[in-house]
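Okay, so subunit A shows up in both of these, paired with subunit B first and subunit C after.
The block that comes next holds the complex of A and B.
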């Protein structure tokens, strides 16, 4: 902590030197608080919480003066809300930084977040609502030596709750926008070319009881993006040398991955296609870590992040960084005004299909595998293990000034054993239907009703959900949600989960209160999820920024 | 933290010291780089709306504003900028969504959320109103049907209408 304060004081001494000038700089920040009062409830398996209440909170304070900025974030988890890893318990300042930015240079010391390319080789980011924060602590330099040429270098350790992980990470990235660089020749070309390459290396003490560990593990990636009016094609390839870890059960096989994306867009029609191959690409600052801790790279699922409750929180897919092959296609079509389906206001159709399988691998028998390579795999070859399928179709239409609706159908296949690591759960086959009806009473008042149904014969069986939401713009909202697990095989577990919320918004401040039962599920933001256990009680959430 | 109190700054009390849009680089849809501090609209107001392809209320806001955007522009000259915080998983869906829906905005991608952090955004949707000189005048962290009317009242105030 002493170091943190001396860094801050140093920063402010610098600022004080400038305080004679009329520009005092600007302070800004944000604040969030989430608290919950828990009531034990055996009918929904809500555990007894001895403290009764728990709270997560944080505030960011940033100060900017011209090209200089500095700031910190205070966080407190007393104790962390259920569903957050227990390692979060505590309070203090881990994130603090000082940064200098001008047209060509950007230097940061202290904490920072960074992404190289699509993140397949390196991505540090935070999603506080998920308890995900793999920030770097160290130094980073960004340099723009010539038009269209962007260089980045970083050196640091990653955050693991309230300490830094053992490994030291070094990384460099170069991106060249050919059209910007050669603007006299290519500046007016309709086709844009962007090339990139990265190198990342982790050092960790090789001492290990069982194995001879590589002290340094290197990884490189290269990427290309070609854009022409309506078309966009991009690809990134990543390779990592042997990195025995808890994730890959300490094998010495090299890792690799490939991401290909294509999209086409014109008025009324949009198409995006993508494919991804990932083999032994779990890359962390500490080879012994698990969960979502200290990942150096980012391996998101290539699926549609659903927003309707049952589809979003019961069976969302998560990428398997040890090995998977995935494809996704999405089509958006707009029925223009005046057509049969379009009517007076037009209508929209979206169709999405996602696919994820295990790799086509051959496992070596231990006696013939003295080098501990583990298995061999076919490049970009899908295996027979089905991890996930999602076919969904969504139709949105505005009928009149007052009324609009969304209809959606989703078909899911979800290997619960693989995705959630729940042995014996097998694969879930499920059909989901959603009707989302919106009635605008007048300029300020609006009522929305959501009816959802999930049919399955596996896991907990079928569910029905009704949500009624009333909003009064711009300040108030009130919602009532009921989720009924009527199809549960066990009669005693056919439980209804009612939940009420009230919210008030004033500019950047938002206060939400909730009361009722929440079922266990997965809470996802942008496709990264955390497990939320069942609970019963009050919740309070306040967010604000200034 | 005591060092902060020593600076004795309250930006809201210092006239003309309203916060400006910070200098953070974001990506354009054709792969270029744009510095957000360079946003300009010839002295007319600018709306900056944070959104993501997986956020339903965000998309409602963008689509509802599109219906009245022409009228707003005629009246006040306002420009709307949509900042997508989609990561690598969904960033390639941004352009097909925007173009196929015909949403007439300047769209940028804030892939690792640097601009989101610099603007102290907790969650999306979060909408900011910026005056002709680049000062942040007003913001709102939500979208409910009809909120665009309230935003438009604020736009008219700074456009002098």
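The block that comes next holds the complex of A and C.
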């Protein structure tokens, strides 16, 4: 730590001393604070919080001077908001870095985030709302030795709350844009080819009382992207050797995954199809870790990220890195102005279907499995276990200068036992309808009404939601939300969850205050989810950037 | 340009070294020596003990009332003859992260027992795995009657158990030696099973107020609840290893020795936690599931 600070100070001195003109660089950053005052409420199972209030906050401070940049992030979780893992409790600086970038080199020491390809072999990122931060701490070099050739290498440990995980991760990635590299031959070709390959290895002390552990676990990936006019086709294959871990119950089967994507887009029409096969591809810095801690890789979600409240937080799909097969298709069509559905301003239709099943596997009996392979699986073969189905259709239309609306229907099938590990809950079958109406009263005043209904006979039964939001530009907004679980089989649990918000915006600063009941659910981003417990109380949120 | 070439070469070499960073393991199990043979004294036990496997879970608000009865009524009444193991299984044992129940105390065996014996209500448990009123899983109201039935039975298979633990050279493993002896002739398939049991684990437990829960705990969701005699792992698998199959004349004896390695979680703060570690061994009829004898030993004499 001390050496890094010394290096930063020396770097400043060096740059100051050799500057030809007074140039003090540029400071930028952002700040966010989320606090909540909790009130115990037995009607919604909101627990008593001894501290009454809890707070998550952070601030990023970055300094840039020419090709040099440095920065840090201060974070404080005192205590972490409910739903965040207790390990976050504390405050301090884990993220700090120094970076030098020029045309061909990019060198970073300290903390950094990185992604190779689609992320199926390596992806470090942060998503604060999830309590997800698997940054690397170490060194990274990016090198562009020749036009169209991009190389990356990294060496580091990953963040585990307020310490670094045990494992050491080493990785290298190469990407070649053939059209750029061979510009004299392929430079004018309409079809573009981009090739990539990655290798990532983790070292962890193999000492284990039960099994002979591999100290070094290697994984490689290869990818290809072909682009021509309106077409874009890409694929990535990833393979990992034996990596016994708590995730796979310490089996020694190799892991593999394949991601295929196809996109076609033209004016007023878009089509995308994708498929994914993941088998035993959970890859973490520490074989004993759980939850969403210290993942080296990332399992891309092939589901539509819903934004409307009921679909987004009651039954969102969390990817299953131990094994799943998933497909998604999405069609976007724009009805042109002057047509029957397009009317004066045109209209947009989006149809989306996503599918996830378990793998087609054969489990080995322990007596005959001396190598602890666990099971065999059929490549890209779906098993009979349905994990998730989502069919949704969305229609957006602007009717006049003042009025526009969105209508949406969603059908979900959701295996709660698999996705949320809630034994006995079974599969949920639900129909969701949404009407989002927006009326612009005048240049300054806008009102939006959102009505949602979820019908199901499983879990907690049906829900109805109404949101009314009034905005007075450019500073103020106020909203009232009511979520009513009127279909709950248990009469005492037919609870209404009212929630009021008021917010103020000044330039890049936004302050929001809320009060009311929030139901328990899941919050997901990109197939990674965090449980959100029921709560009752005041919330305060401040975000700002400079 | 020369600098770039050098760097490029360095990167290629580094990548090559990375590719060496793979360890393929063909034999995942340690080539551990078999537990050394031990000799047991030729004695005949006289008292038949009772194994009570209590099904419970940390989000089961009624379950502490069962633990309370066991602690205050049944254990004082039967003393060492009653050996209690808490089996965390079922929907109430799953972690509930939003509510702060982070721990997962289920084991591979506990899940199988829950499914096999068909646990439907809590608090409940099995008394020597002998059906009472045609049910293996006995509700709290009938525990006393079921204990009385089992306590009156004669001992037919004796069991002695020795926990061999070398704290200096191999602190994180034990050899569990179980010596059974038929006191009457019997015919059937008989297995022995070892349980690793941890006592006094402090973590959150839902507890309904008053007699619905444990009245000694006043907090409805108590983070300082003391979980007693919890099943942590099986030794010999869910259904154990065969000790005898076929006709066994009276006097027939057999010794089974099983090596057990503590899991990493058990080795943390081992010097302190080891005083809460127990081993339970039992011999049972594989076909009827009836437990004939059960023994409990502490890892350390303290």
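Annotations
The definition used in the following text is that the second predicted complex is superposed on the first by the 522 of 546 C-alpha atoms of A that agree within 3 Å, B and C clash if a C-alpha of one lies under 4 Å from a C-alpha of the other, contacts with A are read in each partner's own complex, and residues count from 1 in each chain.
Keep in mind that, in the parts below, a residue touches a chain if its C-beta (ideal position, glycine included) is under 8 Å from a C-beta of that chain, and two chains touch if they have at least 3 such contacts.
Note that the coordinates shown come from a computational prediction; the quantities given were computed from them, not determined experimentally.
By the document's definition of touching, of the two partners only subunit C reaches A:424; subunit B does not. Of the two partner chains placed by the overlay, only subunit C lies in contact with A:252; subunit B stays clear of it.
Using the contact criterion defined above for the overlaid structures, shared-chain residue A:440 touches subunit B, although it does not reach subunit C. By the touch criterion defined above, A:329 reaches neither subunit B nor subunit C.
Residue by residue along subunit A, subunit B and subunit C are tallied for touches, and B comes out ahead.
In the superposed pair of complexes, A:227 makes contact with subunit B only, with no contact to subunit C. Once the two complexes are overlaid on the shared chain, A:86 sits against subunit C while remaining clear of subunit B. Of the two partner chains placed by superposition, only subunit B is touched by A:29; subunit C is not.
Here subunit C touches subunit A in the complex through residues 4-5, 7-8, 11, 14-15, 18-19, 21-30, 90-91, 94-95, 97-100, 102, 172-173, 221, 237, 261-264, 267, going by the rule given at the top.
Contact residues on subunit B toward subunit A in their complex (touch as defined above): 1, 3-4, 6-7, 9, 11, 14, 17, 19-20, 22-23, 30-33, 52, 54-56, 85-90, 92-93, 95-102, 111-114, 117-123, 126, 138-142, 144-147, 149-150.
Interface residues of subunit A facing subunit C in the complex, by the touch rule stated above, are 45, 47, 82-83, 85-86, 104, 141, 143, 145, 151, 153, 170-172, 174, 199-201, 203, 206, 208-218, 241-242, 244, 250, 252, 288, 366, 370-372, 421-424, 520, 531-534. Against subunit B, the residues of subunit A that register as touching in their complex are 8-9, 11-12, 15-16, 19, 23-30, 32, 60-64, 69, 101, 113-115, 118-120, 123, 125, 129, 150, 177, 180, 192, 194, 225, 227, 230, 232, 234, 259, 261, 263-272, 274, 298, 300-302, 305, 307, 330, 332-334, 348, 438, 440, 443-446, 448, 471-474, 477, 503, 505, 507-510, 526-527, 543-546.
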